[in-house]
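Below are two complexes that have chain A in common, paired first with chain B and then with chain C.
Here is the complex of A and B:
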């Protein structure tokens, strides 16, 4: 009994001392990476989803409840991407600090004009998100806005370090602004080129860099590729001379390979998330990798 | 806007009146000159002229005043929002945040800003609520604060849990607004069995209960934020019995707190007892088409649920650890092993007492303690122990105790698509001590205590996106009564295998094979019973989030 009490006090002491740093939980690794840019070593960061797994279907593991329970800040997409797993976690976490509307809740989609908002919401169209396409962080300009939003939240909750967060945001903004020149230059020769993707995760990236990514191996979002649809896609690839097929780490690469081998297009491994590809531990490195991979494939 | 109208209304009569005065004055001025009856003096004319000019000046002054006011209002509209100058939110502070970084140098060739995707200001939430003892001044004025005229064009925040929704703010579903999430779930089965009395082979009320088609679980589910303090849930189940009569069950209807301190949560209403893994869940989330034997025979064909209240507390430990304690009436068939009058007033061959609660001992008390650990990045275990204690109706002072232990192991690939592939192993074991008394009015000659136990263990393998294969073993050991030959008290076991296809998370088609081994069958046709079920399901409406 004494031991248990000792353990409990030790844990309590730990949790109190840990309050010196903001406890930040990010649902997805891209938000986590932006939080790290802003928070540096002044935050404890927990990222729920793995960079290599499908963000639509993450297991609501009980350990996530523990992280959310003690969170000062929760960063989520706010555009229904995590709808299948975040609500029960929040219900169980019982943490008023991260309720919607509190400074501890950053919903990344706030202030973002989402693309492809369906006029009519019907599930006959597959896994369509009523609020618009939720894969918005692949646009560096949007990433800046999210980072700013995060910095605001951190500053409000930890005013002592507000200047630090603000400086980090400025630094991040400057580096994105500078990098955008590089990325833009690298992608400019391919303006208007058609690219095929496994899933419709890339409208924001495409919009930013002037390529078209609107042919998909999935017949409808979330519906696995069917032979008849693939035949159509192969025909489109041939007529439009598409050079690249984008797959993400959790997609069935063999299907993309098959399509590629019959058409001569190249399979390009992409990820929405820092850490989803080797050598992409930060947001800037991720976009670096995406741009250089796509540019190489389109050459 | 109101102010402008008020002002206009106030100003109009004045201008009209003064204009009228002016014109009447002007028109009346020549009159004396025309009329010879009273010849006007030059002084009179001069006086009138002065009157007119002063009136004109007044009108001009008033017009200017109106103009000024309008300009002021317009300005207020630009900075404030929707013409409500008393809005508590501070006006946005013009920040340097959206100016391109290399300002002063040559303009960047590639755009670094794009107002078509990012509003000029973001994030009202952080600064509009100065909470948690934070500095209420919005981040030292560096970042802009809320500008709702810009933010309203962006999607509203989502509140599936309803947490934080204000009293007047509807929660958002499907991009629209509503005060609650609504869904309809239809679960059907086509059944074959080598036994004619499938309703005696299958132990759950929502299981297939007859050869042929079954529609035993058509469920309406509602949930949403009641107010900033509570969430509400309700599951109303429509069930077609074997004669195609519709029965309605209020399966669950309860409210629970959203933000009590110390990680506490209270729940009150009609709800499933948190006993083990399967009991608190609804049939459409089950991995098999029917209830495990031990659940149906110990906790009841409809599961252990009832009207009551529950407290739960997640312990402040570095891992997931939760204590749950509930109390329910435990009456009727949903309090199966407790204050259940039984079919035709009989339970375990005793005439039941069917009495009112005498005191706290007649309620069912249901504690649970569960813990979860991650074995690795892809592996999780969850283990729990549960109890249910109360009195039963087979005697004046007869009591029931049920103890349970459950274990769940889950592996999911770190490269999972749509949640696949995965492996899930789930086991529950229960022990029941049932004091069977003398029945109502001591009508049964002997009292005895039954020690029953049972378990099920199942493995599910999601081998490909949308496809799951499962096997399950079931066993129930019932202690023989020395005095009666109750067929409901026979030991039995079952093996099941199934294959499920989920076209999406909103539909499924499942084929299941069961082999039952009974000591005796009701029609004594066979001791082994084979059954095949084809089950199908659809879900309309709100996206059902998946609990672990």
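Here is the complex of A and C:
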């Protein structure tokens, strides 16, 4: 029995070393950037959504299906953020290696305590995600957990390079740990300050850095701002002296500008995704940029 | 390539023939935007289903959408009067904007985020499933058979309304049947291919046919050829250059139409007095 197992492991190892690089597909650029940190040049990485694209709506192209078909690993959020576009792509790709439960499927939300899980899911609450808020990768500590999860998957599928992946994870973990103090120091003067966001994408970021981001330009997630709601938001901004309104590249900036011009708050461009803002080609640089932009606006 | 593009190609071969034929009717009647208005009516029905917390895949939802499509058919058949001051296209445009705006209002109340609904309404030809293709093919065959059996009356009502009235046909009733069946076809095709593509398949091949020939049968043959060529070529381009498939097909149609118009113009200039078509 033992010999058979050994033989099987050997065959598996051979079959993986035969094609040298793991084919990795990430649904969103934040997962893609974490995969790059871990996999380095030992993986072929394809990221489906562009960093400036709304992660709720992504237009499928033929290459998406092709990449998913030949993928050894798929990294997705696992919290319904890609609900609108990933399932039909997977159905078309029919790749057993990346089915849920296989080592080739990394669901980033696995093992993560999601915030704002609705007590009872009704459609009346807007575009809520039944599993909780899916924008969790904006918290660097959660990003570490995702990176570790990715490293485990890569190591299981490509044991020959397991030490490489593990070392890269340690490096990433160390850089986040070092940066966390720096980021914390930059944000500490603004503890408890209120910030407005277009969409509810920032509860994890807010929780980590001690600000409140719980007023939104959207009356409900995914519902465009209505006049009466905006009036209410403007009143809140004035009474709470809010200084910053966060928008992402795919939001209607003009609405934020309008609210800003009547209240004196500043519009701050944010992105959940590395590459969504200039000079943010890695995860650490993205959080660097977000922290410095927000700190500058709150001063 | 084949494993990804096979079913989209099958869909673009098996389905558009009926749209091209209906497109000839629609262009002849001068009601170009009726398909978009009909699709919007159906989606208004689905928005209502969302407001009522119905399962979007259920038969009740389908029934409501169908009901709205029939209501649209009724509106368009009643307003298509013989000697009205108001052009039919105005009624169609109004129906479209009101249905679209009503959908926005309903959704703001229902507050379901629109990603699921958008997904329900507007398909992507790249991601069609075999089942979707066969279901629509069966529906299109049935509608095609109906149109074939009753072709005399349908053609007369679309192409020669005066004669239809003179013959004592109940034109409004025929209109209603035409629009109802048309709405069914359009809505089911939009679900797998999107609004842009349905519009292109209806209008571009028909316009190409009208550009090049006079007899309905010849126009239809040219239209079918253009639909086949544009659809399959568009899918290939979409694969080679990795473009969104529906938009690639639509732009291929646009290019084909320009080429054909230039050809028709050149032929017209060369023999302005000659017979324009071998009749």
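To be clear about the criterion, the second predicted complex is superposed on the first by the 281 of 299 C-alpha atoms of A that agree within 3 Å, B and C clash if a C-alpha of one lies under 4 Å from a C-alpha of the other, contacts with A are read in each partner's own complex, and residues count from 1 in each chain.
One rule holds in what follows: contacts are C-beta pairs under 8 Å (C-beta built on N, C-alpha and C of every residue); 3 or more make two chains touch, one makes a residue touch a chain.
Bear in mind the structure is a predicted one, so any value in this text is a computation, not a measurement.
*Asks:* Using the superposition on chain A, tell me whether chain B and chain C clash or fit.
*Replies:* When both complexes are placed onto chain A, chain B and chain C end up clashing with one another.
*Asks:* Give one of first, second, both or neither to describe whether A:65 is in contact with chain B, with chain C, with both, or with none.
*Replies:* A:65: touches chain B and chain C.
*Asks:* Counting only touches as set out at the top, which of chain B and chain C does A:176 meet: first, second, both, neither?
*Replies:* first
*Asks:* Going by the contact rule set out at the top, does A:83 touch chain B (first), chain C (second), both, or neither?
*Replies:* A:83 contacts both chain B and chain C.
*Asks:* Taking the superposition as given, does A:215 touch the first partner, chain B, the second, chain C, both, or neither?
*Replies:* neither
*Asks:* Can A:230 be said to touch chain B (first), chain C (second), both, or neither?
*Replies:* So A:230 meets neither chain B nor chain C here.
*Asks:* In the superposed arrangement, does A:56 touch chain B (first), chain C (second), both or neither?
*Replies:* both
*Asks:* First (chain B), second (chain C), both or neither: which does A:297 touch?
*Replies:* Touch partners of A:297: none, neither chain B nor chain C.
*Asks:* Report the partner of chain A that touches more of its residues: chain B or chain C.
*Replies:* Answer, by number of touched residues of chain A: B.
*Asks:* Select, from 94-102, 202-210, 256-264 or 436-444, the region of chain B that bumps into chain C once both structures are placed on the shared chain.
*Replies:* For chain B, the clashing option is 202-210.
*Asks:* Please write out, lowest number first, the residues of chain A touched by both chain B and chain C across the two complexes.
*Replies:* 56-57, 59-63, 65-66, 69, 83-85, 88, 91-92, 123, 126-127, 222-224
*Asks:* Of all residues in chain A, which touch chain C in the complex?
*Replies:* Against chain C, chain A makes touches at 56-57, 59-63, 65-66, 69, 83-85, 88-89, 91-92, 122-128, 220-224, 226.
*Asks:* Under the stated contact criterion, what part of chain A meets chain B in this complex?
*Replies:* Answer in residue numbers: 8, 11-12, 15, 50, 52-54, 56-57, 59-63, 65-66, 69, 72, 78-80, 83-88, 90-92, 94-97, 99-107, 109-115, 117-118, 121, 123, 126-127, 130-132, 136, 139, 141-142, 144-146, 148-149, 151-153, 155-159, 162-163, 166, 173-174, 176-178, 180-181, 183-185, 188, 204, 207-208, 222-224, 249-252.
*Asks:* Which part of chain C faces chain A closely enough to touch in the complex?
*Replies:* It is residues 3-5, 50, 53, 107-108, 110-116, 118-119, 124, 126-127, 129, 238-239, 242-245 of chain C that touch chain A.
*Asks:* Under the touch definition given earlier, write down the residues of chain B that touch chain A in their complex.
*Replies:* Chain B reaches chain A through residues 97, 100-102, 108-114, 116-119, 121-127, 129-132, 134-135, 138-140, 142-143, 150-151, 153-155, 157-161, 163-166, 172-176, 231, 258-260, 263-265, 314, 316-320, 372-374, 377, 380, 382, 410, 412-419, 465-466, 503-506, 543, 545-548.
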